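Below is the structure I would like to discuss, written out as structure tokens.
Labels A, B, C, D and E are assigned to the chains in the order they are written; within every chain, residues are numbered from 1.
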Amino acid sequence: MNILEVKGLEVIRNAMKVLTVEHLAVAEKETLALIGPNGAGKSTLLLVLSRLLKQQAGTILYRGQDVSTLGDLAYRRKIGLVLQDPLLLDGSVFDNVASGLCFRRVPKAEIHQRVDDWLEKLGIRHLRNRASRALSGGEAQRVSLARAFVLDPDLLLLDEPFTALDTPTRLRLLEDFRLLVRQSGVTVIFVTHDQNEALLLGDRIGVMMAGRLAQVDQPEIVFNAPASAEVAEFVGVETIIPARVIHQAEGMVIADTGTFQVEVVGDCRVGQDVYICIRPEDVTLLLDSDGSSSARNRLEGVIIRTTPQGPLERVVVDCGCPIVALITRASATQMKLQTGTRVRASFKASSVHLVGR
Amino acid sequence: TTAAPAATEPAAQPTPEATAIERTGPKEIILATTTSTRDSGLLDVLIPVFELQTGYTVKMIAVGTGQALKMGEEGNADVLLVHAPASEVTFMENGYGKDRYLVMHNDFVLVGPADDPAKIKGLTAIEAYKAIAAAKATFVSRGDDSGTHKAELAIWKKAGLEPKTEDGWYLSSGQGMGDTLRITTEKQGYTFTDRATYLALKDTLELEILVEGDATLLNIYHVITVNPEKYSAVLYDGGKAFADFMVLPDTQALIGEFGVDQYGSPLFFPDAGKDESELGL
Amino acid sequence: MEMIWQGITEAIRLLFSGDPEVMEITLLSLRISGLATMISLLIGMPSGTLLALGKFPTRKFWMSLVNTGMALPPVVVGLVVSIFLWRSGPLGSLRLMYTPTAIIIAQTIIAAPVVTGLTAAALQQLDPRLEQQLLGLGATRWQVIWALWREARLPLLAALMAGFGSVISEVGASMMVGGNLRHYTRVLTTAIVLENSKGEFAIALALSFILLLLAYLVNLLLTWVQQRKPQG
Amino acid sequence: MEMIWQGITEAIRLLFSGDPEVMEITLLSLRISGLATMISLLIGMPSGTLLALGKFPTRKFWMSLVNTGMALPPVVVGLVVSIFLWRSGPLGSLRLMYTPTAIIIAQTIIAAPVVTGLTAAALQQLDPRLEQQLLGLGATRWQVIWALWREARLPLLAALMAGFGSVISEVGASMMVGGNLRHYTRVLTTAIVLENSKGEFAIALALSFILLLLAYLVNLLLTWVQQRKPQG
Amino acid sequence: MNILEVKGLEVIRNAMKVLTVEHLAVAEKETLALIGPNGAGKSTLLLVLSRLLKQQAGTILYRGQDVSTLGDLAYRRKIGLVLQDPLLLDGSVFDNVASGLCFRRVPKAEIHQRVDDWLEKLGIRHLRNRASRALSGGEAQRVSLARAFVLDPDLLLLDEPFTALDTPTRLRLLEDFRLLVRQSGVTVIFVTHDQNEALLLGDRIGVMMAGRLAQVDQPEIVFNAPASAEVAEFVGVETIIPARVIHQAEGMVIADTGTFQVEVVGDCRVGQDVYICIRPEDVTLLLDSDGSSSARNRLEGVIIRTTPQGPLERVVVDCGCPIVALITRASATQMKLQTGTRVRASFKASSVHLVGR
């Protein structure tokens, strides 16, 4: 059953239509990650879902019931909300984390217990009696998280909840959070700019673009089979080349870019104009001298740029048009890749995705 | 502030219960009077005696004569103690008042700086006014339609003059006698005042009496009960009791003695039972 | 100059000799103005909150009306209240004229717009997203308001002080509707005017100092409350 | 009740007949109170800013003094200013008593603490990091203050209105130090008191309405300025 | 020459010593990245460096001159500052970006030109006349960045400047920013929680821990040869095993963990207690059946957990003690790695780092 269902939503802010959601359903116990460019309307969607911003059109159903008939308060008491800014109240850290429980008139002893529990989990127990105005950015964010988590809600709406946290804490928290979500069966909708987070936590990922949900799907599908060139670009498909389908047979398609031809697993009408989308991590680089590979597509080219990207190296190869590959630093060093090196970029027919244009 | 005898205090203590009774009970009357009678302290002496004798509580509201008469006209006061005979007559003629008794008088004086630039010392009031106008010496008028103001205007009229504030030397303070006297001191001008207020404030002023004792300078006080037929809310019995009290011989004696120990001479002269014509009007 | 020293000496003497009349006047002032301030708070804080947080079309109009009300002259209030409370007025039968109650009514009319206007200004200055965050935490309307009041307690206390200040110090209305009746409606300001018009400047000054002292003490008390709260 | 209608009718008549004396009194009120408010702004905004942003040890003490000053009774101010300006007083030789200047002085003493206190409260309510951000952008002290004033312009305008309101509406001080001299120091409030003591309630009410109208217009003007600024 | 030098700095906030920096020198045109856990004092350091917070002890030299003699204003006019929160002024986006230039009394025409230029670069040209109160989180952050960049300062102090930006924008901006920094020769000190950012932009990386600079060094050194176990843990060295040096010869050391022995390139006294630090991306996994490898260290174990991490897979192998490896998703799929699979974890002697304990 869907815990939340949105139909025909339209939101106008500042005399501009900033959000249009025809339909969105979030299942019980599901975690939906929202990603998208700045100003796409992600925060606006969370605000509307928590009834803090009234929509100009459309309905929101909570467990099948229209929230406007359910009553805002009753509905809000079922959700936990973390806004993009921590917005702490004047008072101690404890006061802040306890505030939602106080509003719900939870007995004092229980409040203490639950708050301390969460302060501990978020590693801010030592800040318990600190004034909320005297916290660092990350500390404030943790307080804001504790404040929502302590409520033990049915639905968590989180707006970039982990951004200000340091990396080890974030990784640990992501892990803990994933377990917690699985165990408690809470439904989560969260906004993130970190695609790893979306991949790790999201049962589904929603990509918002210019006020619309451009795609809502399983992470693998969003990342590997984006619905449009824009989505593809946004989710890190770095090689996007316009092409035309010239052959189609047995679930295999050949697309021609003008410079080279690419074999793709898929189903497209001959003559259709498409974009060829290839994720950089799906591109393997071989030195000219190297042996064979099982990949069907092999393009020769020259490296025009390499940039480090975490433990990986991002390599741009000019094969007529630029193709981007992401390879481990180890292979890059081993193969002595540098600008000017001639390489062959190879990728499987199954890791190429075509979107219409 | 401690002029009132201690014995009268219980009657006026604002205890909550007492307040509640007073507010609704008929034994509470409103006396509208002029600021001069209050500022001189006379009523602070008389009212406690009245309250003790009759059991009435008096709310003394000190306002301008104009406002006092207006309060009478609208039934917002039960009894008035005022000193503007001409206006009082109109008030009675219009049926707003029921009884009007002559209570007392004192006199008006012309005061001014010791160096007396217009040289009015010893002149009659009318001559003095003419001299002031001729010298364009600063003259401060009350300008507030009070009894004093009306008396001052009457003399100007008799002198055949009609000074205007636009002329520059004739100022209109629009305030009570005390403040007008103070302004006069500051401006080193002349003013027309009742003797009682002048004596009460003499120490803080730099003014001297220059003209006095003229028959035109009488300041006559009447007590007037408000006509209950116009407004049923008016407590005529209480008002009448106060009016009667004011003309009692004992009260009249008190008036006559008031101020003697402080100023060496009385501030008011009891007149109960006399005819107005006896006072030279 | 010398008069001011006399006034101070006299004030100290009056205070320490425990002059019963001065005590009575002081306590009455405190009681009347305190009550008027309380009632103004009861009226002004909710209305100010409504003006600041509410979303109704006539909000701006009401806001400018309240701001004008902050400049309501005590004499005008005194006059209008008198017209209502005089026997000839529509509420004359209540016999409230020239009672402490009348002063409280007039002072409330003076202080309520002050408290309302400053409450609204205080709340409007808060981050509007704070209200959202509170609602998001499951607060009821009342809990949101309460929390916002806590956040804005500094300017709200300033509003309270301004309200109290405007009534403890006004004289026009108290004089008109109270009548300055000895032992009954004579408060500090009206007593000062009286002593002044009697030429008793030293006593007037002494009463002035007592009045200022009173204001200062109330003020210290509120500042103390203000400083203490954050720990609570 | 009926009297109030009379008052309104009278007010309209006085306004539209362009009664020269009413015009004169109104303009004088506006000029005196406007000037006093200006001077109070010149004093109060810098001092309030200093109190809010400064970091000196006696800050709290000054703050509570200013808060007390907000409750400064006009009659007390009138009395003390009188004592200084009387011929017998230390400044007697300036011959300022019973002149418009005297009223301006007294009203400034009344309004300056109001403006100071509300300015300080307004600035204290801002995010303290805003000051840091401005300094970080290379603003001079003055530029920081200017920018913070812009940020807090809503409550600052409220402070301005409160300051103007407190002087246009006060009567005690104007009466005492101005003397209510016709054509010279008679302002709206003192004129109201005079007409009231004459029992001319309708005219008193009419003048009251004019006074309120004035306050409302000034207020509308300021609200308009306030609404306009963000586009600038 | 050092543009900035800090000596004996001590900062007390809230009656706690939150910052102690014995010495820190930042060279002209250098980019220093500050990383560290929440509450470590990074923001505090930036505040002190921009003279917005007064230190309790220590001196700050700007181009060899004590900033307290230089004058705060003159000094601040040389820097551009982005605080952790955007803190925009009431007004339009343009007003905000122009504010610093207005403070400097730059001619109007020039202001317009420079502001528009930066609005364009940050992709917020369309928001030029928008009220600053009506921006999304990322939009506000971009305004805050433009506001500092437009000043063209000698020294940029940036506190988590890119956090709220969406991924493609952030990547593009990082690239642009890197070029800009190189071209303009501006010195940059920036705080980040994204170690990639630190790696990409930082000439050196400073690791702050509990109010101290635990290590300041080239990125490779910080990441591969952390100064302590805490730093190691913080910079993503996931395998940290206590051991004792049992042999040392020819720049090679053998450390014994009790369960197994590890060969390390390095120089340590025999008998010394150390931690063995291995970065996950330096660990290769081989199936039991696989052939040889050049790596000296090979440990057998069983996979106890695999988690996706972006395009990579994080694999924890129990070899007596857990060893963490980061391998491409492609290899993981190819090798059919899953919980319970027996594998050999192998790593080069040169990619192991020892820190004392």
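Going forward, a residue touches a chain if its C-beta (ideal position, glycine included) is under 8 Å from a C-beta of that chain, and two chains touch if they have at least 3 such contacts.
Quantities reported herein were computed from a predicted structural model and do not represent experimental measurements.
Trainee: So if I look at the partners of chain A and the partners of chain E, which chains show up in both lists?
Mentor: none
Trainee: Treat touching chains as neighbours: how many steps, at the fewest, connect chain B to chain D?
Mentor: The fewest touching-chain steps linking chain B to chain D number 1.
Trainee: In angstrom, rounded to a whole number, how far apart do the mean CA points of chain A and chain D lie?
Mentor: Between these chains, centre-to-centre, one finds 57 Å.
Trainee: Just curious, how far off is chain D from chain C if you go by their C-alpha centres, in Å?
Mentor: For chain C versus chain D, the centre distance works out to 18 Å.
Trainee: What whole-number Å value describes the gap between the mean CA coordinates of chain A and chain B?
Mentor: 90
Trainee: Send over the residues of chain D in touch with two or more other chains.
Mentor: Within chain D, the residues that touch at least two other chains are 176, 193, 196, 201.
Trainee: Can you list the chain A residues in contact with two or more other chains?
Mentor: 85, 131
Trainee: Would you mind listing the residues of chain B that make contact with two or more other chains?
Mentor: 71, 176, 179
Trainee: Give every touching pair of chains, nothing left out.
Mentor: Chain-chain contacts present: A-C, A-E, B-C, B-D, C-D, D-E.
Trainee: Where on chain D is chain C touching in the complex?
Mentor: 1, 3-4, 60, 63-65, 67-68, 70-76, 79-80, 83-84, 89-90, 114, 117-118, 121-122, 124-125, 152, 154-155, 158, 161-162, 164-166, 168-172, 176, 188-189, 192-193, 196, 201, 204-205, 208, 211-212, 215-216, 219-220, 222-223
Trainee: Touching chain A in the complex: which residues of chain C?
Mentor: 127, 129-130, 132-140, 143, 147, 150-151, 230
Trainee: Could you list, by residue number, the parts of chain B that touch chain D in their complex?
Mentor: 63-64, 66-71, 143-146, 165-166, 171-176, 179, 183, 185-187, 206
Trainee: Touching chain B in the complex: which residues of chain D?
Mentor: 86-87, 97-98, 175-176, 179-184, 186, 190-191, 193-194, 196-201
Trainee: Taking the complex as given, what residues does chain E use to touch chain D?
Mentor: 47, 50-52, 72-73, 76-77, 79, 81, 83, 85, 87, 89-91, 99-100, 103-104, 131, 147-148, 151
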